[in-house]
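First comes the structure, then the notes that go with it.
By letter and in written order, the chains are A, B, C and D; residue numbering begins at 1 in each of them.
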Amino acid sequence: MRIGVLTAGGDCPGLNAVIRSVVHRAMTGHGDEVIGFEDGFKGLLDGHFRPLDLNAVSGILARGGTILGSARLERGRLREAAENCAELARRYGIDALIPIGGEGTLTAARLLSDAGMPVVGVPKTIDNDIYSTDRTFGFDTAVTVATEAIDRLKTTAESHQRVMVVEVMGRHAGWIALESGMAGGAHGICLPERPFEVDSLVKMVEARFSRGKKFAVICVAEGAHPAQDSMEYGKGEIDQFGHERFRGIGNVLAAELERRLGKEARPVILGHVQRGGTPTAYDRVLATRFGWHAVEAAHRGEFGRMTALRGTAVEMVPLAEAVTQLKTVPENRMFEAESVF
Amino acid sequence: MRIGVLTAGGDCPGLNAVIRSVVHRAMTGHGDEVIGFEDGFKGLLDGHFRPLDLNAVSGILARGGTILGSARLERGRLREAAENCAELARRYGIDALIPIGGEGTLTAARLLSDAGMPVVGVPKTIDNDIYSTDRTFGFDTAVTVATEAIDRLKTTAESHQRVMVVEVMGRHAGWIALESGMAGGAHGICLPERPFEVDSLVKMVEARFSRGKKFAVICVAEGAHPAQDSMEYGKGEIDQFGHERFRGIGNVLAAELERRLGKEARPVILGHVQRGGTPTAYDRVLATRFGWHAVEAAHRGEFGRMTALRGTAVEMVPLAEAVTQLKTVPENRMFEAESVF
Amino acid sequence: MRIGVLTAGGDCPGLNAVIRSVVHRAMTGHGDEVIGFEDGFKGLLDGHFRPLDLNAVSGILARGGTILGSARLERGRLREAAENCAELARRYGIDALIPIGGEGTLTAARLLSDAGMPVVGVPKTIDNDIYSTDRTFGFDTAVTVATEAIDRLKTTAESHQRVMVVEVMGRHAGWIALESGMAGGAHGICLPERPFEVDSLVKMVEARFSRGKKFAVICVAEGAHPAQDSMEYGKGEIDQFGHERFRGIGNVLAAELERRLGKEARPVILGHVQRGGTPTAYDRVLATRFGWHAVEAAHRGEFGRMTALRGTAVEMVPLAEAVTQLKTVPENRMFEAESVF
Amino acid sequence: MRIGVLTAGGDCPGLNAVIRSVVHRAMTGHGDEVIGFEDGFKGLLDGHFRPLDLNAVSGILARGGTILGSARLERGRLREAAENCAELARRYGIDALIPIGGEGTLTAARLLSDAGMPVVGVPKTIDNDIYSTDRTFGFDTAVTVATEAIDRLKTTAESHQRVMVVEVMGRHAGWIALESGMAGGAHGICLPERPFEVDSLVKMVEARFSRGKKFAVICVAEGAHPAQDSMEYGKGEIDQFGHERFRGIGNVLAAELERRLGKEARPVILGHVQRGGTPTAYDRVLATRFGWHAVEAAHRGEFGRMTALRGTAVEMVPLAEAVTQLKTVPENRMFEAESVF
């Protein structure tokens, strides 16, 4: 068999671990050939690829980033790809294509699959918001980085009687905020899944101070938004869902809290450090398993599917199922988190 | 409600996170009182306990160890406890007891439960070998520590053309060896679940060197044992299952490999660093959730059960089910690991 | 002897290690009593203090923040303190005062010392810019945190063909930017010590891309400023030294580079994570030694001085000398750094 | 100029950072050519070398090990090298040789230098025991790894009322034990520099337990040895200096303490994890500076010298001076450490 592999979308710790696993399993387990397309679907369309053998993937397991590069593809070119699927597969002589990517990539994968390309997807996102899989690799690393930051910020907040507002990634789903907030022992967590009440945050902080505690840490997802009109000192834009949105919610919320509490409140925007660098052990194992199972699925001819963690098992689920909706934080998980504030 | 909590058995990162979560959920969510027994079941029998409030558990989320202490209990005293259950519960006025511990502790918990004590167990082991739960807290931390060690050892092995034998914890189940071996990119993994062939290890290393690679790392669980008579330079003891056992398998295996390969082979015994210290973010979240759900179960009157992770949900499973067998590494997980050596 | 200790100014990893060391050395080595003033000089003036014994400092060596709290003092109250020195010392019965703090604190310490208070200072700043000492504790931790961030950002930058601008702390001296930039392998470092040329940065990035490298990381101190008029797309404010200053230089520089290079450039502002959390081993050792030597100096009656690292030795230097000028990054250190870009 | 570089002796975090720095400074700063000899002096004698350019050293700054490999050389072949110095330099056309290594390597370097080879040495050892330099790179990483292990072990010791004996590297000098013991807050530190009294350790532990503390951690250098006849339960070998030596002092001491204290005492032998893996920021900076200054020295014709850290400056010192004696831990440093036990 000849397998093509590519990585697309934003950076995510564990991409190289998947690539390595695909090459090892394919070559050692099946005697396959593997080629890697460069810069995502662009490499597939433009013919930029290189053979990948054991030496090519030696030493990359723990390395962040992707040795194949990654790039966003314009919609137009994606359609071009779908229309020329059969020809593309023939041109490179590939019997299976393994795209590793997030929601956009998996949607593209589904398009190609529908058009006849033998595709096995591998889901990837630090946001953990892909439906059909319990977890995605990259997420544990992001949570770990954010938790370490909160650990550090707490000692400063405590010594200086301050409120710290930590903005973490998560535009549409608040998994990183939820888990790093819980792990770091944040005293408030704001998720995109439901508007937060500024009043409640203010009361929580005041209650803490009145109990003799001299600091508070609030963990806010970049996609979180306040309940409408709950910010006293400014108005945001109203989006298509009627939500009031503020650019740079971490900064805005810190300013608001400082004004209302009459105490120092400082924002920290974690940004890209959450999505790069060496993956945690958890993410390396999950990524390696996903690569392994993707190759097996290809050999079983199970195309149009992607790898998914279900309990302790890695299973194959239809791409169609995976991309139709986002996996958001359910009520009961928020409820768990709130009670240990 | 008045809830008693205790920690028993070996150290495990996340114990304090459970205690904190129990106290927060019980007090804030239900207005309960919580008391903590000191040094495991000993405190219960000897009347050593203290009230736990929010201040008592402040700042312990990320701290290793257990603020309640832990100790092993002799079998005789355990029977004593079972026989006096009703009296003990009355003496302390507790409506629920939440013991946090490993297999032995959960077996004791079951005994007490059968004798009428209202018990909700929380499983704990770095070995991840408790049946009925997908994962236990402490395991992720142990794997992380072992993986960091393997990462470090690989560069030394590589620069010096050496074989490194890393012995990790796991007497009866090889989960730590399996996952840290996969995450660290070990070239051989030896588990207690099946005898390993020294010959295969020798061949694997020789194959690597002939391919131009100049080092190899082998990850061996402390409970791993070679296939009988496969060690050339010595004999071990034959245990009750007919397995040939060597004390300090890491040292023995390194010596054996050095002799047979004619290359330097060095053992590294990780030991207790795997079971102490600050828990990873993953373990903090899981421990926090377990504590939360244990309190809820107590309030629903679901006794004789323990918390368990099933997929993404925390569920309650019968203690009886959890302690009847060990969760060992299944064949297919070993198979996955082997193909990325 | 009765010794008073206090911590003042911003947070700095290692403060607790100094406090612990002072208490241990004073009590165990000399049979002294130690009291800790709360919230810096405020506690001294307002009579907020508590006795510190071995139990009070147990377990704090590795903890960030300061168990004594810290606060800024208005100038007026400082004068008040100086004027009432003798009375204050008498009121608390202290034979020596050990203030641990940065430039402001040491200046205050000098004032008190000149007014007759028996003071031994311990310098503290993550910025490493205190004259007379080779290093200050806290600096190594800050550099370590910033370096880990750069390590993570590089893999993302590389996979996505991007320029990353990392803003680190350092308002007046660029030590953190210098050392984390060198340690992280940044391709450009901008310090407050001399204006940077945007043109040079643009050329450096272009040269890298033309050599086939697909990313660049620039490490910029918060106090760095461009050579006048070298920013094409905007004007800053001119400060008292004639320097053109921009608020949020990291954001501004990233925007400027993106426009001029036609490539994605992303800012990451590390902020407060650099100044909190557990200190590195290096900082714990240095902080412990400083505490030890401060007590010894008090017993020798060497007042009006502060601890300083000189080579491998800890020596006592006059406070007067330490606070008269800032230790900035010398030309030759910049020169060293530049040649490994 | 044409510069040859090689790495010899045991692994040490920062070797790659030196190589990278030498190549950058030589090529970018001076337009030099650089070649790297493989596996230490062996590569020099056997003609195994490769050109090193910017691409060859790209991405290695943070990587442990050495891209050039390292090997021990028999004494005989070293003499061979010395005798053929001029011929060797001519054969490879090198104007300067930069060997990076420990005491043995620097002694060899001195031999070659005396024989006429233009040599600039770079000292390297995790043990920090090279005379003439305040610090060596690799040491900070070793101390950091050992300190993290002690941090982890303390929580386990505390929860289980145990004594932990941590054996760290340091055959002839106890720097790692001293600094990791101080940074980790060990309660006893045993160095090779002077025999330790088992009685004192026993008394210290008993004193702790009687004060209500329930654990103790002792940090022992592998080269530490007890005062003669102070071990009750066994005799060691008497070495050439009249010191009583035990193989595996960590294990022996733990057994001795367990017997005498009647409490669990567990050894942890850290081993090779201390000398591999990614270097700390401190070590990367120091290694980078050493590489830079070695190239500069070569260009100034300052041969027969090695780089040395003196305070904040990197200076060149005679190889002769550096290798005549070991830098051991002086009395006053031990004294400092003892008072914070």
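Convention: a residue touches a chain if its C-beta (ideal position, glycine included) is under 8 Å from a C-beta of that chain, and two chains touch if they have at least 3 such contacts.
Because the structure is predicted, anything quoted here is derived from the model rather than measured.
By the document's definition of touch, chain B and chain D have no common neighbour. Taking the mean Cα position of each chain as its centre, C sits at the greatest distance from chain B.
Inter-chain spacing, taken between the CA centroids of chain C and chain D, is 29 Å.
Centre-to-centre separation of chain A and chain D, using mean CA positions: 41 Å.
Shared contact sites, meaning residues of chain A that touch two or more other chains, fall at 151. Annotation, chain-chain contacts: A-B, A-C, B-D, C-D (touch as defined at the top). Here chain A touches chain B in the complex through residues 20-21, 24-25, 28-29, 54, 58, 61-62, 134-135, 140, 143-144, 146-147, 151, 179-180, 182-185, 211, 213, 280-282, 284-285, 288-289, 292, 310-312, 336, 339-341, going by the rule given at the top. Across the interface of their complex, chain D is touched by residues 7, 10-11, 15, 63-66, 69-71, 145, 148-149, 151-161, 164, 214, 266-269, 271-273, 275-278 of chain B.
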